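I have placed the structure first, in the form of structure tokens, so that the comments after it can refer back to it.
So that you can tell them apart, the chains are marked A, B, C and D in the order they are listed, and the count of residues begins at 1 in each.
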Amino acid sequence: MPKIDVMNYSIYYEIYGNEEGEPLVILNGLMMSTASWTPFIDVFSKYKLVLLDLIDQGQSTKAVGEEYTQERQADMLKEFFQKLNLNKVNLVGISYGGEVAMEFAIKYQDMIRALVLANTTSRTNAFMQDMGKGWEYATSTYDAAAFFKISVLPVYSVKFYEDNLEWMRAREQMFNKTLTPEWYDGVKRLIRSAEHLNVTDKIDIINVPTLLIGADEDTITPLAYQREIQSKIKNSQMVIIRGSGHGSMYERPYEFAGSIIGFLETYDKKITIK
Amino acid sequence: MPKIDVMNYSIYYEIYGNEEGEPLVILNGLMMSTASWTPFIDVFSKYKLVLLDLIDQGQSTKAVGEEYTQERQADMLKEFFQKLNLNKVNLVGISYGGEVAMEFAIKYQDMIRALVLANTTSRTNAFMQDMGKGWEYATSTYDAAAFFKISVLPVYSVKFYEDNLEWMRAREQMFNKTLTPEWYDGVKRLIRSAEHLNVTDKIDIINVPTLLIGADEDTITPLAYQREIQSKIKNSQMVIIRGSGHGSMYERPYEFAGSIIGFLETYDKKITIK
Amino acid sequence: MPKIDVMNYSIYYEIYGNEEGEPLVILNGLMMSTASWTPFIDVFSKYKLVLLDLIDQGQSTKAVGEEYTQERQADMLKEFFQKLNLNKVNLVGISYGGEVAMEFAIKYQDMIRALVLANTTSRTNAFMQDMGKGWEYATSTYDAAAFFKISVLPVYSVKFYEDNLEWMRAREQMFNKTLTPEWYDGVKRLIRSAEHLNVTDKIDIINVPTLLIGADEDTITPLAYQREIQSKIKNSQMVIIRGSGHGSMYERPYEFAGSIIGFLETYDKKITIK
Amino acid sequence: MPKIDVMNYSIYYEIYGNEEGEPLVILNGLMMSTASWTPFIDVFSKYKLVLLDLIDQGQSTKAVGEEYTQERQADMLKEFFQKLNLNKVNLVGISYGGEVAMEFAIKYQDMIRALVLANTTSRTNAFMQDMGKGWEYATSTYDAAAFFKISVLPVYSVKFYEDNLEWMRAREQMFNKTLTPEWYDGVKRLIRSAEHLNVTDKIDIINVPTLLIGADEDTITPLAYQREIQSKIKNSQMVIIRGSGHGSMYERPYEFAGSIIGFLETYDKKITIK
């Protein structure tokens, strides 16, 4: 699979689905990578599905020694789209990826057809900043067990975690085997890149069809955060996935994918009630 | 537009959309009719959209002097489908229509491809029975103003009602002009047909792909009712429309239609997370 | 029990408890009267418990032909307090009574020691206005069964209603036997007196210790209304009674009384955390 | 202040308030100690207020090398009460202390007058067990900054944390100065003592007046946990403190203390609604 040079980064990406379809680009959450979306390749096959690793994610450049913000990710994204001739994209961002998507929309909304923001926030408040500091400590251990218990666990709802304990244990084992110090250092930089996010008062200029997806048991980015975003972006829609924590794509993949596809298939249809 | 004789009823129906598409049948809420869905004809045009007036609704037979239950509606529906050669339908029921859809699924689930239950309940509890009695009083007035304030108002969320006060006034005027004593008497029979609904302990035999749609400000059939249904129907999905009362199709038509279409486009796709 | 002339009204009141205790005055909800508080006489016996029927309630003057607002009730209350030499009262208002209590506090807060606002709102929004119109229709029937199903039922949570169905039936019977056309007409005037309530932007001048009591299943004055009041009144406290509808005093009398007494016993104590 | 030998532990305790009053015993949360309650001495002064450090808390014995459960704390408590001639106590437990209180009530409820369970759970589920493992890692750092960000931060609601950031920083500084490796090791043992708590199916034998206190933004022991406890303990009451996280005693001390005192002053009064 290809990499492409964008700004001073080498960006890894994968393209699936219908080459003639509308581009559907998914921006990963903090600890995710293109690989996280493998289960969704079939369900999104109607679209030209573009997955990519952001700076410091997966197989893209590790920006060792660099300090950057999510705006940098957005700028990288713009050039990435240009180089791939993606002129009008359906842009889906989850968590960290949703934050990048908002930064992107603020600067480059002409390149967006429709926008989906899932389990995300428009501001890293002091609570989240300090939670991020806790996660940074966890990355510093280079210890999968510690990192999993501290930083991965809160991604899930209590019930999902309990019902899927063996899967959780297997994931922790997989973390233990595959994650390198370079990966942990990358996560730390990603956390820092989000530390000063504050676009709450800027997103009201976003004027593309927008869907907010929340989850009723998300404790990392609670529903109130997405409601606030919805209140700022004119005519935006919002659905709540029932019985899910922050990681709605893992916990309730059908509701997650269905909400996105349903939105993309309907937002430009005419429905006149009043 | 056509009528068809089913059992001893003349059933009015309308068909739209793609004649070759999968059938998508919508079952109305109590006070609704085929006409209520006119705004949705475009958005559902990929499907063979089948709208119908249940017994005592719209232009179908007024069952004067008859006592019946929602199971009768389900039996009528089965014959209606057979006569129209609708063998495998996507069945969407909202409120009263969702109750009929569950009665239908319990007896005839082989005729269902996928099931959507919106803003509905599996049991008419004592509170709802007495609320129904209050609505019966309201129908007895044959007075649109009284009926609207007592029985229509609670369908909406507070904010939607306030934000759309002129539309509400216009609707009340329309009620005042168009509703006949026969219509009110029909509503009363419909209320009574739902009075003893109790399928909570029967729906666990439903084994078709099922989506529950709830609304976070629905006070007529609160979220707890749909959560209970979800807990009974294996592998069922549930999304919550944010910022809506009971009448989610009116208040948030895009989220309503998008949730249905997203579900229908994805439920049979393979997504393997674990 | 005594009546006293206040303005041009004859106001019925009852006094219980400790003659030397701090005055604790309870302002009734719309359909309530002094008699509603009989079960609470013991629990509040440490205080000088003052119950009264507001204008058009219970045994006080029926203000036939008069149009008035809740501010009139507040003005009446001020004179009532003066005539009874109640200089500094603990003022508890539930629902309608809470609205009167806010009107009173805005004009006469020097007469208040501490304020409790239960299941109430600072504004009669358009939804509530029209709900009130529905209740007016119900009063016009002079029919206890209709009135109960339309106007009393929503006071309760679904579970409480179902669990106490016999008590509900008994109450309806009691309504049927005891309520007179004069009573129904009085309720109609009370509804109208609240129709234009809007003190949301005035209550920020209230500077007495204040407790908000909400109930998690109150659909008449949902929690959001009390949260808004709390956000306006500086340093105000708020507790939520779990598992209760609008009529928290009936549904959860111990939590209701306990919250009031706990507040009154603690608000002036020194607790310094930070 | 005195210590007393109980079983093989030296238990530190403090007694305040009214020597003739009913005993009110408060059981600390995990990271708390008698010192945490200094701000509440005045508000509870009507009672004989008994504060104590449980095993491994504050100035009581550090049980180095010992493995124990919360049932051991309960057994210790029983002997502690006997030695101090506390025959019938009002027992308040917050979080970890609430868990000990339930263990105590299951075995020794004859010694309880009334029971208050705040921000607690009847079972350490798999999610909480792993969260506990994350906290254990945090204690292993002996680093106040890491420990605070990982284990203390989630105790608070987002808004409280943000509004009181300086206080949070000061607390972290205080942690940094005062906490010893022995303290961290003690916390680790306390966490482990709660790891296998599961009294959900035993608490239905509790037959003393019981109040549950929850907080609407508690993400460590969410409301659902206290609702479950309430559903098991007959006639138990429940109030929810509005706008608070897990540490309700810190965030909303007045509502916290008021709820306890209101309950203790009213639970044995006669209120007959039905």
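Here is the rule we go by: a residue touches a chain if its C-beta (ideal position, glycine included) is under 8 Å from a C-beta of that chain, and two chains touch if they have at least 3 such contacts.
Chain-to-protein mapping (UniProt): A, B, C, D = Alpha/beta fold hydrolase.
Since this is a predicted model, take the numbers as computed values, not measurements.
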Quiz item: Count of steps on the shortest touching-chain route from chain A to chain C?
Solution: 2
Quiz prompt | Copies chain B and chain D - rotation angle from C-alpha fit, nearest 5 degrees | solution = 180
Quiz item: Could the interface between the copies chain A and chain B be described as same, meaning over half of its residue numbers are common to both, or is it different?
Solution: same
Quiz item: In whole angstrom, what separates the CA-based centres of chain B and chain D?
Solution: 49
Quiz item: Quick one: chain C and chain D, Cα centre-to-centre, how many Å?
Solution: 36
Quiz item: Just how far, in Å, is the C-alpha centre of chain D from the one of chain A?
Solution: 38
Quiz prompt | Numbers and ranges of chain B residues touching at least 2 other chains | solution = none
Practice problem: By the touch definition up top, name every chain pair that qualifies. | Solution: A-B, A-D, B-C, C-D
Quiz item: Mind pulling up the chain B residues that touch chain A in the complex?
Solution: 39-40, 42-43, 164, 167, 211-212, 214, 216, 223, 227, 230, 237-243, 250, 252-255, 257-263, 265-267, 269-274
Quiz prompt | chain D-facing residues of chain A, complex | solution = 125-128, 130-131, 133-134, 137-138, 141, 143, 145-146, 148-150, 153-154, 156, 158, 161-162, 165, 168, 219, 222
